[in-house]
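To keep things simple, chains are lettered A, B, C, D and E as they appear, and every chain counts its residues starting from 1.
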Amino acid sequence: MIDIAFFYAFAALTVIGAILTVTLRNAIHCAIALIASLAGIAGLYLLQKAEFLFVVQIMLYIGGVMVLFLFVIMLVNLDGAAKERQYHRHWLAAAACLIGTGAVFATFLHRGMGALKLEAALPAVPGAGNVETLSMVLFREYLVPFEVASLLLLVAVVGGVMMAKKRID
Amino acid sequence: MSVYYTATDHFVLLPALLLALFGCATLLFDFWVFPDPKQRRWLLLFLVLGEVFAGAAYWRQYDFLSTHGGELTAFNGALIVDHYSLFFHWIFLATTLIVGLMSYKYMEVSEEHHGEYYGLLMLAQTGMFFLASGYELVAIFIGLETMAVTFYVLVGFLRSDKRSNEAALKYLLLGGLSSGFLAYGFSLLYGLAGSTKLADIGRMAASRDAGDPILLMALGTTAVGLLFKISAAPFHMWAPDAYEGAPTAVTAFLAVGSKAASFALLLRLMVGPLGPARVSWEPILVAAAVLSIIIGNLAAVTQTNTKRLLAYSGINHAGYILLGIVAGNPTGIKGVLIYLLVYTFMTLGAFSVLTALTRKGLAGDDINDLNGLMKKAPGYGIAMLIFLVSLAGIPPTGGFFGKYYIFLSLIETGHYNLAIFAALFVAVSVYYYFRLIRAVFVDTEEQETPALSTSFGLKVGLGITGVMTLVLGMYPEPFLRLAQLSISR
Amino acid sequence: MLSPITTEHYLVLSAMLLLIGTVGVLLRRNVVVIMMSIELILNAVNLNLVAFSHHLQQVNGQIFAIFIIVVAVAEAAVGLGILIALFRNKETVLVDEIDLLKW
Amino acid sequence: MNFLDLIWLIPIMPLCGAAIMLLFGRKLSKAVVSIICPGSVLASFILSLGAVIQLAGLKERTHQVVLFTWLPQLHADFGYLLDPLSSVMILVVTGIGFLIHVYATGYMAHEHGPRHGGYYRFFGYLNLFVFFMLTLVLANNYPLLFVGWEGVGLCSYLLIGFYFNKKSAGDAGKKAFIVNRIGDAGFILGMFFLFQVTGSLRFTEVTDALRSARFGPEETTFGILSLTALLLFIGATGKSAQLPLYVWLPDAMEGPTPVSALIHAATMVTAGVYMCARSNALFALTPETSHIVAAVGAATAIFAASIGLVQNDIKRVLAYSTVSQLGYMFLAVGVGAYWVGIFHLYTHAFFKALLFLGAGSVIHAMSGQQDMRHMGGLRSKIPITFGTMFIASLAIAGIPGLAGFFSKDEILWQTWSSPLGSKVLWVAGFLTALMTAFYMWRLMFMTFFGEPRMDEKTKHHIHESPKSMTVPLMVLAGGSVVAGWIGMPKVFGENGFMQGLEHWLAPVFESGREVAHAATGHGAPAHHDTTMEWVLMGLSIGAALSGIFLARHIYLRMKAADRPTGGFLYPVLLNKWYVDELYDFLFVNGLSKGGGTLMAKFDTNVIDGGVNGTAWLTRMVSRISMWYDTWIVDGIVNLTAFSVRALSFPVRFLQTGFLQSYALVFVAGVLGIFGYFWWGR
Amino acid sequence: MQGHLLSIILFTPLLGVLVLMFLPRSQKTLVRLWANISAAAGLLVSIPLIVNFDRNNGGMQFVERMEWIPSLGVQYLIGVDGISVLMVMLTTVMGFLAIFSSWDSVKYREKEYYAMFLIQQTGMIGVFISMDFLLFYVFWEMVLVPMYFIIGVWGGPRKLYAAIKFFLYTLAGGVMMLLGILTLYFVYFGQTGRYTFEISELMKLNMPLGLQQWVFWAFFLGFAVKVPMFPFHTWLPDAHTEAPTAGSVILAAVLLKMGTYGFLRFSLPLLPKASSDHTIVTVLATLSIIGILYGAFVSLMQKDWKKLVAYSSVSHLGFCTLGIFALNQAGIAGSVIQQINHGISTGMLFLVVGVIYERRHTRLISEYGGLAHVMPNYAIVFAIAMLSSAGLPLLNGFVGEFTILQGAFDANKIWAAWAVLGIIFGAAYLLWLYQRTMLGEVTNEKNIGLPDLNWREWAVFLPLILWAISIGVYPKPYFDILEKPVQQIVHRVHQTANTEAAIR
């Protein structure tokens, strides 16, 4: 019962935050709205016993990415941009497209729900907590991706630096 | 070794490791050793060495497979090495090597000669490795992203050049969107299969009826992501801009490496695990192929920027290759492989001629910059002729056999109308390829331009690509055998 | 009385997020906001994954989610870097003023 | 030596002459040329004589020499056949050919053709012509005959157009060639039919096949054979200038006079007659076609003669006269009297050649003047020419004892008596005889009698032609007298000489009649009604005399030389029955102006509506086809190309450069896919 | 040596190119000399072929077989029968003359020019001798590229348009043909379980009529564009007109024959049912006849000398195809001979135009007139060329046309009747052209004092004239060579047709 309430609360937070993100005029406000939305998602993780992911979400996303965003927003001062028209010219066509897609998605999900023959949710495995199991699986089955991820981050770092740094020569 | 990292795992992963290793090494050395851009060309050695070692590793794998046969899976099913993936590995290897060879002069000319470049090339190749060898969604996805992110950086490599920035930004944003969709599709696949292993997904797809809505959603979104990567219409819009804005060498890499890798994945997914759902995805691919051929050809006809023109021609070729997947019979798949192989060499070749055209204060990417090339540098002229003729699919060049297989497979599977359609558009494509040929051979340049910016590496690259294009056209036998081998299960 | 929360609820939610993200990408002219929208899309994916993994009582989904986050981070970093480089040259962050390359 | 096996040399001789002329002619002096060319013809004349004499010795009077295979598909060889028929022809061709060559040496003496050296080229062509003519008459199969057939056409084209720089000459030549081509089309098809029917194209084999009497009425009466014969005859009309394809001949007079004499009087134009005679077995089998032939012949004869009545150009008169005489020959062939046709051919060769040469000498004397209205009283100035032409005119008019009399009279008699003939045809022939006498003597009187009507300058110039020209005239005059004696009517008494020609030709033709008899019941040997024959003979002589006197009355007494006579008929005849205008009307006005008034056009300069008309029609068609080619066929191609280019732009402008329109397309794609999933499945 | 004669013939020109590539482009004379030498060599090595050719053997001779792409069943399989041996001779001779004739006419980029010609030479020979369908296709396409350059680089004012038009047109047709080939290939695989492109193997197929018809039309597109048959001819006038003289000569003399040869070698033997199918035969004969008359009509109206000759080709090739689809000995043999004749006559006509074009640099007929006074020898040569093209007996043209007509007549009298009209018009437009250019007064003073033929031009014309006359007077050897192979084709077509009839 209570988790139902929580679900809807977090869901509302997420959706509203998301909507604000794409609608608000000032980029900083957008960022804050996004943070709210992400926080909502984090809450949903918690509801689904994904504690580790919850932590990651809070720390990495809200603590890392968003800060990065804010930095950039500060760097490229967007006051000018804030006064500009916010929406793209052919927003109407875009909206139409989106509504169409939305409708289709909705119907699919609706149709799909019945057909979504997932075996009913299993009871939570007792014993080992989320993090341990997760780490076990991560380093047994997902070793390769893990390593590659490091490469990815390396590339990201190098790339970010490359791009952002001023030209010396 | 531990249970987490067995000898097999090592054996399979080794090439990727080597590449990553040399890639990082390049980055480090760049920071420490070579302050002067002129010396940085020595970093090319790292790339060459890296490729050599990786090549050796691949060779051992090839050797092993051809003696013991079958395939090797590692990291309990996360990676797979079979002749199929090896085929692509060879392509990636060649691509990276040639791109590296033709780059350094270009980078010097455009005053952005940084050691990171070679490192990034190799890291990108590492990403491709997982596209061809990955047998598990996460590995695949992460590999894809590694490749993609590297390309975002590479495309924007000319930081001071607006066009380059713009290209990078557009590519990144659209790429982000597409990978979002791809990931969404993957997540659904995972949800349906309860596992990220392609094997399980295959089982799932076989068990469910093709009409299952969620499966369709998964299919649709995945298809979107992949079609985007191979720049098939209508998800092609990024290609012309990215190609034009990017440094020419990178454009070559993008046009060949990224496309080949994505095809490797697309083919493996569609024919492998998602094979059972063919009825659902075949029409999508048909539509995409037809659109790509039409749009690619039509847009190229009046294009005046060579890189853009080649971008459109790339879209067009993607369409043809897709037709091979549509046919889906052994011939068709062989066709895809051969086509990609040929495409690699001819496209790289064409682009390397373009890199030579880029001179100080002269972008060299307008058709008129090709004028009188035959007079100026006959070698380059003839090479360009070979590549363009091959792109047009005219014997005795490699391009012909690509088309040959596609047509044959379409006929075998009874797609006569598609065959005729494809055949007709060959004529259209010839039209614009011959505009280039005409520029090279017939037209003469208005005012005197500086000499081509050639280099030893570039010449080597041209040599390899040219020879390969001709060999593939005149004696394709060994490569056909290789392709045959790589589709045999 | 509200029905108990099932996986489906999460799917719907993530689909909504996906759409909203797409809306952002399609409509906002501000590059930064567009990137944020992409983050939204990726989070939608994560929501899916977690829901499934919870449903299946596996952690694979969560792990996948972690990698997705990594990807998001990487893209964000590189993207912002590129944005800065561009801004340095072009003094704008509005996408429809960035149209050197066309036709 | 054995001439019979050397008959292939007969055509080769002039060929060598021609080769020498055309290859090295420029280096040779006129003297050498005027020795080589007539010499080569003389040589083949001698060869022919020898061969003919030896032929007479043979029991079976045919001899074939086959050199080598030419067209395997048609079993056609380079093979030569000497039999009575061809022997007559070769003698005529080589003999008269030689004389005309000699004449030409004189006539062309001060002829400066194109730049220098028109002389040698002229003789080169002349020899070439003789070569082809001999090939034509000596061939032992139709295709080889066709070789000569085409060749003579070509040479006539070259020789008419000999005056390179006279446009009218060029046109005339072109017209001649093309009209002949039309005939040839018929000829070719005819050959194919013949080959299909008889399985061979060798004269001997064809004849045997046809005479083997294995053809019933279904082939012979309006059957495939009739069609074959008809097609061949069409070919003949083209070559021998019969209705309706005669139009080219009068214009052919643009050529030098010797050419007119050799080609357009003595030899080439008679090729058609020869060919029909050759195919006598075929024609004998197909009475319907024979009727057509006879009818066409008669019609042409009277028609052309009527036109000849009023022409003022001396050569044109002779031209129409030739057409009319050719009509006679076809009349003969048509009524199944093949030997008579050949007989007339042979006599006609003499006097008509003579007339032309004479006319040439007159023109020569008049320094180029051809209009008889400006002549007169030349009798005393150029006596030899006058004398010879006098004889010739008597001959053609049909005065007893001269060549023309016998042949023409025989034709008339055969027309009357032959089962294939008819009284109507006879009347036509009779009238023609009357007119012939009239216009020939009109010519004589206007030219040689009365007082001179030419201006002083020309009058001052007048002089008799050189020996090289007059001697041939005299020889021919002699010929015109005696040539007929070997074909006298039986009523004069029968013996081997008096009916020499008939007997000589008998093996070729006689059997023809029998077949006709066997197959169709026609062609039974006519029972000889002697009195009737005498009566007819008398009538024709009367006609000849009255014609002459009428002419004398009008043109000597009434001095009507330059006045129109004959009332309403005059303009009609002067304008050649408006045939050219008719063709014009049909082909030109009929199509362009929707019909101009027929009587409105009175100028004789509108030559040959016929050919011009067809040419015009052709040109129209080809304009249309060209338009079609540029705008439709090519247009479609270019249109495709254009539309591809045109379509290219929208596709390119899809690429607006705005990121979000790309994204839009992207999402549209997504929508498309799911839309397909939704509805499509 | 003897065993590899064909390969030698095939690759001699390429060898020439290899050497040519290393010659300095500045040494123009050297380049010219070498090009002529290698072309002459190509001609010389082809002589043993005709000498040792056994005309009593209807099958393939000088066969060379080598695996090329085993996994596709493609072989390097070459050989000649009577038809191809004639074509090869035509190619080598005309090729040499073309190169020889362009000694002074090509003023720039000689090296590439000659290289293109020699490469093309190899391609053309290859087309005529390959007995493997894919090999054939490769050569077929290989010919296009050099011709594109020859037209596009050394051509007239509208050269680029003409070149790309020629290329696109032929290529489009070729690709369609490829589809046809692949279908055959696949069907063969279906019936025997192995892939091969060997013609003689593919002939063993028995395909249903319907499929045969499809394949036939696919081939038709390829060949008809090349020939060119009526609605597909429009690339020809442009290409012929814009190409340099030698280019036009090769184009007319050899390239067009590739199409007719294709019909003979592939369409008829491989698809006998389709090619004897009534509708198809009717359609093709009709198209041919339309081509004959249409070409003649359009030529009549041309103001451009060269274009006139070009359109006359349409007319003549109409005869060739008509002969082929008469489907009998006379028709086909005549057609092959007519193809050679057309090569000679039209080749000569183009050379004739080239001679005057070099002197006056205009092709407008109205610019000329009365040239016979200025250039008598030229006039004679032109006359001979013109007459041989107009089909005057004792010259080559007649033999071909006449035999074709006979064949057409046997097949269907109406065809013959129409085709005969073509002969009339043929005379008409050629004579008219001759009259307008050669006869009459010298109207244009620019023409006064034009030099007559020089020795090199004579050297080009003389062999052609002699050849023309020799064929016209003694065509038997050609008929003998053709007899057996043509018999086989005819027999194959009719036999299957009859069996079909028997079954029905």
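By definition in this document, contacts are C-beta pairs under 8 Å (C-beta built on N, C-alpha and C of every residue); 3 or more make two chains touch, one makes a residue touch a chain.
Bear in mind the structure is a predicted one, so any value in this text is a computation, not a measurement.
Shared contact partners of subunit A and subunit C, listed by label, are B, D.
Following the contact convention of this document, A, C, E is the list of chains adjacent to both subunit B and subunit D. Distance from the centre of subunit E peaks at A, each centre being the average of the chain's Cα atoms.
The most central chain, judged by C-alpha centres against the centre of all protein C-alpha atoms, is E. Chain centres here are means of the Cα atoms, and by that rule the chain farthest away from subunit D is A. C-beta contact counts were set side by side for A-D and B-E; B-E has more. Put simply, the C-alpha centre of subunit D and that of subunit E have 38 angstrom between them. Rounded to whole angstrom, the centroid-to-centroid distance between subunit A and subunit E, based on C-alpha atoms, equals 70 Å. Centroid to centroid, with C-alpha atoms defining each point, subunit A and subunit B lie 30 Å apart. A separation of 98 Å divides the Cα centre of subunit C from that of subunit D.
Residue positions of subunit C touching 2 or more other chains, listed in rising order: 7, 18, 21-22, 25-27, 29, 35, 51, 55-56, 58, 60, 63, 67, 70-71, 74-75, 78, 82-83, 85, 88, 95-96, 98-103. Residue positions 168 of subunit E are each in touch with at least two other chains. Residue positions of subunit B with contacts to 2 or more other chains are 138, 141-142, 145, 149, 152-153, 156, 159-160, 168-170, 173, 177, 181, 191, 213, 216-217, 240-241, 431.
Contacting chain pairs in the structure are A-B, A-C, A-D, B-C, B-D, B-E, C-D, D-E. On the side of subunit E, the complex with subunit D involves touching residues 165, 168-169, 231, 233-235, 294, 296-302, 329-330, 333-334, 370, 372-373, 376, 380, 387, 392-394, 398-399, 402-403, 405-407, 409-410, 413, 416-417, 420-421, 423-425, 427-428, 431-432, 435, 439-441, 473-476, 479-480.
Partner subunit A is touched in their complex by these residues of subunit B: 4-5, 13, 20, 24, 27, 37, 75-76, 78-79, 111, 114, 116, 119-120, 123, 126-127, 130, 138-139, 141-143, 145-146, 149-150, 152-153, 156-157, 159-160, 168, 191-192, 208, 212-214, 216-217.
By the touch criterion stated above, subunit A contacts subunit D in their complex at residues 88, 90, 93-94, 97-98, 100-101, 104-105, 107-108. If you check the complex, the residues on subunit C that touch subunit B are 7, 14, 18, 21-22, 25, 31, 34-35, 38, 41-42, 44-45, 48-49, 51-52, 55-56, 58, 60-61, 63-64, 67-68, 70-71, 74-75, 78-79, 82-83, 85-86, 88-90, 95, 98-103. Contact residues of subunit B toward subunit E in the complex are 374, 389, 394-396, 400, 404, 407-408, 411-412, 419-420, 423-424, 426-427, 430-431, 434, 437-438, 441-442, 475-477, 480-481, 484.
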